[in-house]
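This report concerns only the one structure given below.
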Amino acid sequence: MKQTMRDLLLMTWFWASGLLILMILLAIIIYLTGRGGTFISSEFILESPRGFPLGTEGGIFPAIKGTLWLILLALVISIVPGLLTAMYLSEYGRSGRLADFINLLVQSMAGVPSIITGLFVYALGVVTLGWGISLLAGGVALAIMVFPVIVVSSRNALQAVDENYRLVANSLGVAKSYTLFRIILPRAAPGILAGILLALGYAAGATAPIMVTAAAIIASSSGALFEPVMALPYHLYILFIEHISLNHAYATALVLVGLVLFLNILALSLNSLQERLNRQ
Amino acid sequence: MKAVEIINFSTFYGQKQVLHNISMEFSSNSITAIIGPSGCGKTTLLRSINRTAEMESGFRSEGDIKVLGKSISEFKNLSILRRRVGMVYQTPVALPLSIMENVLFGPRYFGVKNRSDLEAITERCLRRVALWDEVKDRLKRPAAQLSGGQKQRLAIARALAVEPQVLLLDEPCSSLDPASTGMIEDLLMQLAQDISIIIVTHNLFQARRISHETAFILDGRLVEKSSTQKLFESPDQAETKGFVSGLFG
Amino acid sequence: MINPGIELKENIIRYTIIGAATISSLLLLAMLLFILRESWPIWSQIGISAFLSGSSWKPLNSPPQIGILSMIVSTLWVAGGALLIATPLGFGCAIFLAEFAPSSLAAVLRPVVNMLTGIPSVVFGFLGAAILVRFFEVKFDLSSGESLFAASIILAIMVIPFIVANSEAALRSVASEYRHAGIALGVSRQYLTMRILVPLARKGMLGALVLAFGRAMGETMAVLMLAGNTLRLPGSWFDKGEPLPALIALELGSSIPGSLHYQALFAAGLVLVLMVIAVNLCVNLLLKRIQKEV
């Protein structure tokens, strides 16, 4: 029976694909935790790199600090433009030509390779404006990178708010901005926050843009805007590529993945809170 | 002066014509019911009066509507029109605010700041819809906790808070139980003493009970409008007779 | 009840929002124009065809040789190879999640797929380099296990979650009437899925592939650590290569601003962006044609 044979093969294909992917992730997590976990200690988290070559001993504290500074700066720069654009798309534009155009631009921005963003900020900030390899340049590059993410997730969160509220408010004669700030925005807050957290996780793991604009092999990451910083993803790259310490590389990878997963899980729970709210 | 006058009014969604050359008048301080089969434009008519219909893309209209003597197209600031003409929708909607803030949503926007004024408005409007006694102890609680009937009365209170002279209701009781429906009908009849009320309803019993005049709309055309008693007992048009005859065989 | 100044306030807010949205979005155009400007001498002096078809990249020689053919080929090969691996797995998993997985398993698998999208590319590159490359070196007795093939494998793992998420959504959005009709006819669920549901969802599924291809082309870290970074034109999937993103990342810092080398890197960047845009446009057109058939 040829069809039964085909059915069986197809089913095998489906099951195998699903299980394989499941196993890949589990393998990644388990392997990382296994190889890296033993090297994580309070010393590792809280101290600077030491030893010769630098990084074989000591910790990664400046890299952690640097990553936190970078994502904070990225957030501060991108959040207002991102939210305003999302508010436009959700409340004022809706279906006009300008809104379509902006939607297209934002979508395209999301597809731009992150190295290109780094290239742009390198030329504009690092070279032309004279910032040098700096926290500021890195923050700007990451801000550009996460801007479309914030716009899309905030826009979706705003649009998901019950349309009836807008109808009712409109029929009372109040202005759009009044409704937006008093009702829609507060209602969509969990979803918007979730989008921001996801964007932060994305920024924390990005290497290419900061490689060319902000990252240094060793720096104090004190938060000075015009100084280079260390960052977790770049530190991981250097530890491995320069054959400094495989063990510390695994540990660094684990810390980075832990940070990103933490942000993602927070975002996930905020999103389900938002969904519960929307169903009320 | 008539509360609302509809003059040769037609509406289109894209190519499709929804309302055909409707002309009618709604008297002040009375209740007019609009009846007719589903989907024949009753809601569009209501939404045209407070100019929320034009928010849909593809909407176009011809003809005129006058509210309290003034053409709606002359209102530069739609906000003023929408205060004069209040609207209550089919689904009871409680804004995600407290009960008190629901009522005060409009007044706050229009600049009322004084605390005692705000409290006075809240009490006055909630009393008019017979909700005050039920909620006076929990004004700061979320309005979402109210029942469907209570939410709908709250919606009316919210609309009343901006002091409209005309109140439009689009099948306000269709998702409510009979007890709530009765409460709302009673309060509408009370309100009609100083507000002109236009209510779209598919419940012919309701139209009979509460309205002074009734209009029958079929396929976007006004078939007949007259005093409620006449329309139901001895209508002029055969179509009207056919529509209401289910009740009064 | 009057509130003077309400209208003014509303208008200020409204125009601020519109202004901010427009300006922010024009950022993309600003970026493209800037890169075009920085790379202009390359286009005017060396010319498009010489730049794109030259397979020798020695910008610091005299005379300098500036051709990015090897990089373009590496980019396409590594991304194409990634899609070759990722498509059957991604589609298979998407179909599995949409139609066949028991709900308890699906409830685990879906968050897992989600989590995979969150793992930074440098971690994938690192694991690939530490494990996969080492494996190749040992198993096949090579001095260096880096290759376009190794990069493709890791890229595939990176893009599979995107393919799965988008394809599953496309399958789910197929109206359930089709499923009911199929089951009523007595065909197997596999038959129903492959003959009816997948064709109906092909727009979304193809779109998922495009997104994945674009992402694979633009990925930097994974290829930096796995593709081998040689400037020669790769001759097979198992050769080493240097895709465009790796080229830019490696050489930008050491190039002298304003020099031909610097400008050439910008030109390479522009080519990369245009390649990604071209892929997106192509498939958008293709999708529009599919739309018309339906």
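Per-chain residue numbering starts at 1, and chain names A, B and C are given in the order in which the chains are listed.
What we mean here is this: contacts are C-beta pairs under 8 Å (C-beta built on N, C-alpha and C of every residue); 3 or more make two chains touch, one makes a residue touch a chain.
Remember, predicted model here, so these are calculated numbers, not experimental data.
**Q** Have a look at A-B versus B-C and report the one with more C-beta pairs in contact.
**A** When A-B is set beside B-C, the one with more contacts is A-B.
**Q** What's the farthest chain from subunit A if centres are computed as the mean of the Cα atoms?
**A** Here the answer is chain B, farthest from subunit A.
**Q** Measure off the straight-line distance from the CA centroid of subunit A to the CA centroid of subunit C, and report it in whole Å.
**A** Those two chain centres are 17 Å apart.
**Q** Using Cα averages as centroids, what's the distance between subunit B and subunit C in whole Å?
**A** Measuring from centre to centre gives 54 Å for this pair.
**Q** Using mean CA coordinates as chain centres, what's the gap between subunit A and subunit B in Å?
**A** One centre to the other, that is 48 Å.
**Q** Among the residues of subunit C, pick out those that touch two or more other chains and give their numbers.
**A** Residues 6-7 of subunit C each touch two or more of the other chains.
**Q** By residue number and range, which residues of subunit A touch two or more other chains?
**A** Correct list: 175, 178.
**Q** Give the residues of subunit B that touch two or more other chains, as numbers and ranges in rising order.
**A** Correct list: 79, 109, 162.
**Q** Taking the complex as given, what residues does subunit C use to touch subunit B?
**A** Spelled out, the residues of subunit C in touch with subunit B are 1-4, 6-7.
**Q** Inside the complex, what are the residues of subunit A that reach subunit C?
**A** Touch list, subunit A to subunit C: 3, 6-7, 10-11, 13-18, 20-22, 24-26, 28, 31-32, 80-82, 84-85, 87-89, 91-93, 98, 101-102, 105-106, 108-109, 111-120, 122-124, 127, 144, 147, 151, 175-178, 198, 201-202, 204-208, 211-212, 233-234, 236-237, 240-241, 246, 249-250, 253, 256-257, 260-261, 264, 268.
**Q** Using the touch rule from the top, collect the residues of subunit B that touch subunit A in their complex.
**A** 50, 52, 55, 57, 78-83, 86-87, 89, 91, 93, 95-97, 105-106, 109, 144, 155, 158-159, 162
**Q** Tell me, which parts of subunit C touch subunit A in their complex?
**A** 6-7, 9-10, 13-14, 16-18, 20-29, 31, 34-35, 38, 88-93, 95-97, 99-101, 105, 108-109, 111-116, 118-123, 125-127, 129-131, 157, 160, 164, 188, 190-191, 193-194, 211, 214-215, 217-221, 224-225, 245, 248-249, 252-253, 257, 265-266, 269, 272-273, 276-277, 280
**Q** Can you tell me which positions in subunit B touch subunit C when the two form their complex?
**A** Residue positions touching the partner: 77, 79, 107, 109-112, 162-163.
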